[in-house]
Amino acid sequence: MIGIDDEDFVRGKVPMTKREIRILTLANANIGVNDYIVDVGAGTGSISIEAALIATGGHIFALERNSDAIHLIKQNAERFSVKNISIINAEAPDGLHLIPRIDVAIIGGSGGFLQEILQAIDAKLKTGGRIVMNFITVQSLAMCLNWFKNHTDYKYSAIQVQINRLKNLGFYDMAEAINPVHIVTAKKICQCQMSNLVNFSDAKSKFTHIIRSFVQD
Amino acid sequence: MIGIDDEDFVRGKVPMTKREIRILTLANANIGVNDYIVDVGAGTGSISIEAALIATGGHIFALERNSDAIHLIKQNAERFSVKNISIINAEAPDGLHLIPRIDVAIIGGSGGFLQEILQAIDAKLKTGGRIVMNFITVQSLAMCLNWFKNHTDYKYSAIQVQINRLKNLGFYDMAEAINPVHIVTAKKICQCQMSNLVNFSDAKSKFTHIIRSFVQD
Amino acid sequence: MIGIDDEDFVRGKVPMTKREIRILTLANANIGVNDYIVDVGAGTGSISIEAALIATGGHIFALERNSDAIHLIKQNAERFSVKNISIINAEAPDGLHLIPRIDVAIIGGSGGFLQEILQAIDAKLKTGGRIVMNFITVQSLAMCLNWFKNHTDYKYSAIQVQINRLKNLGFYDMAEAINPVHIVTAKKICQCQMSNLVNFSDAKSKFTHIIRSFVQD
Amino acid sequence: MIGIDDEDFVRGKVPMTKREIRILTLANANIGVNDYIVDVGAGTGSISIEAALIATGGHIFALERNSDAIHLIKQNAERFSVKNISIINAEAPDGLHLIPRIDVAIIGGSGGFLQEILQAIDAKLKTGGRIVMNFITVQSLAMCLNWFKNHTDYKYSAIQVQINRLKNLGFYDMAEAINPVHIVTAKKICQCQMSNLVNFSDAKSKFTHIIRSFVQD
């Protein structure tokens, strides 16, 4: 199961994906036991660790530019006895060319290079693979949605998640807000199927998303 | 107009009703120029000040138990040249017997005595008067809703308000959450009208809320 | 006071700015008694009506492309005896050249022409004037924020508002969500002051926003 | 992995726990492969089905009072080839005496009998077991929190989850709100340990929650 408590990770001052966001991100990644996964902007490694505990027959590539964070990822991997992980100290898209073909990409931070990162991931992602992204700024979210609108071999969905934690104060419980996060999830659809779209009206019902994008272009 | 910026008030360490909550609270209070108003748990006085600036022909009674806060209310009253205000250093319901008949009661904090406060306010509130309350705990909110369900001479409505402020970070804007607040607004309906409910079906459409409560009892 | 109940307006099938969003929008517009105001995408006219009731010595120009909506605005103006309103059946930015210099612009709908509308409004807006905009899509919001980042004679702030209304179900009260709205508020700062920025460090503290933008360009 | 799409379930008119709430509920339940689980107010069976797919060596007891819903649970169990499920057409707490000792209880609906249900579940729940509850009304939430404050052999936490789904409208993505849900999660702590609390200051650090409750009583 997923959902390790935030306090169970070694943290330091590096911002960490909160448990509820982590759970929804991992669920959307739909990770299989043998999946190869890249975690871009791994931070404390909380997502990488949980992904590694699911993909026990696969491997996680955790990319992170901050060397303090790199140290935390190592500590957390040790704490949870995770061995199927490679920690890469690089600022994406740098470092992404080093990894093999992947089933899942998770983007926690893009540091202003979202489009370059998506392009580099696209080159590595298998058909049927998933990209799950967390955004805390309007601009990154908008850029991301735009990218997927222009890449019709992906089907995307997006949600905003706002969590309030009830803080126990004796008789009372007080709502404390966590900053909201947008989660965008995209699945790479088989492109070969697209060339088979002979019967337009049949295809329309099955591949509405793709078709609509064609029509819009 | 309402909606003074949070930074324009003298604040100290006393928690202040955030601008957006203040605006919605004041709008629901539907303050008239000559209204008499009590502000229970006045804190920094931000709501009292804005109410006083609307009810220029009326008067505000600001109740607050914390003496540090009392000092802040005075400073804010001076800063905004508000003279139609009486500041009462007491823990409600204490002090509420001192005030005259009122048109509006605003409850920002109830310190565990919500029912006693509502009873004391009820004794002072004119027919047609409004009570607007802010809650940050589940228990106070539930207690409040329960009180109004048992006092069918009031018509109440309630909302939860969650505000995220976009923080400007150069090219980016990042959403920062403010703790959510429930606002309950209750209006005292004329009781004398209730005895005149001869024609049930006519009354039903006009006073559905009252009727339903009768049926439920 | 502001905050007419949603049900008190004639509505039809035209989408209406919900009461809580309307209140916060009007509060941010900081409307004066003699203000000239344009309401772009006026819809049912709910915002125009409330603005007109405040600016009794000013005038409202309500632009709306949908002729069904135009009819509703007229009905609502009559219902609330509002006479200081001109209803213009046009799709903005068309029609904006017809109006005089304004103090306030409210944009409820931009129909894909946000940049053109902002440019047209900018040409009419007095120094010190306010533009308040509501957005329900990521893309319009991002476009708006981008526009104001490139127009440093404006100071903007933005919030996301999420309201849950508690629906009374006998003993229970159930939270019902209203779709979230982003409200962006921009104030036109005096441009003449900008040329006087001789002392950089002094200016920095006073006009951080402007300076930062300069530095970024 | 968890997180079947809402559309993949047979639904009818029975309200269904939305995917995001389902994921967080299941993650909090921390279901093991051999767990015995009861799902009270199973509705369409979406949670029961996902729980059954995790606890392949365990068993799910799905309680539901509505016979239309019972039919849907059966159809969904067939659709996902789930065999480790017993569907019980009863209104909880009725029916709860029929089930064996359990590791996990999930409460999606309590129909006004929350306290009786919690008492019946408490009698069946193993030490270390989890109860995860979803609430859409203020009153049920408050009742639940109150119950756990009075049962100090449980450690509880609670969150409010508000999800906005971005609806793809061509170039635009529009936020659509889903009604917020509170999720309360409680874990049954070993009672036998409580009698061993000889060294108060040692115990204090380890069992703060329990101690605090003692002190408060």
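For clarity, chains are labelled A, B, C and D in written order, and residue numbers in each chain start from 1.
Just so it is clear, a residue touches a chain if its C-beta (ideal position, glycine included) is under 8 Å from a C-beta of that chain, and two chains touch if they have at least 3 such contacts.
All values reported here derive from a predicted model rather than from experimental measurement.
Novice: For chain C versus chain D, which are copies of one sequence, does the interface use mostly the same residue numbers on each side, meaning over half shared, or is it different?
Specialist: same
Novice: Tell me which of A-D and A-C has more C-beta pairs in contact.
Specialist: A-D
Novice: Greatest Cα-centroid separation from chain D: which chain?
Specialist: Between chain D and every other chain, the largest centroid distance is to C.
Novice: With centres defined as the mean C-alpha position, give me the chain C-chain D separation in Å.
Specialist: Spacing between the chain centres: roughly 44 Å.
Novice: Using Cα averages as centroids, what's the distance between chain A and chain D in whole Å?
Specialist: Result: the chain centres lie 27 Å from each other.
Novice: Calculate how many whole Å lie between the centre of chain A and the centre of chain C, each centre taken as the average of the chain's C-alpha atoms.
Specialist: 36
Novice: Could you pull out the residues of chain B that touch at least 2 other chains?
Specialist: 138-139, 145, 160, 162, 164, 166, 171, 173, 175, 180 - these are the residues of chain B that touch more than one other chain.
Novice: State the interface residues of chain B toward chain A in the complex, per the touch definition above.
Specialist: Listed in rising order, the residues are 112, 136-140, 162, 164, 166, 169, 171-180.
Novice: Sort out for me which residues of chain C touch chain B in the complex.
Specialist: Result: residues 1-3, 20, 23-24, 26-28, 30-32, 54, 145, 149, 156-166, 168, 170-171, 173, 175, 182, 209, 212, 216 of chain C touch chain B.
Novice: Inside the complex, what are the residues of chain A that reach chain C?
Specialist: 138-139, 141-142, 145-146, 160, 162, 180
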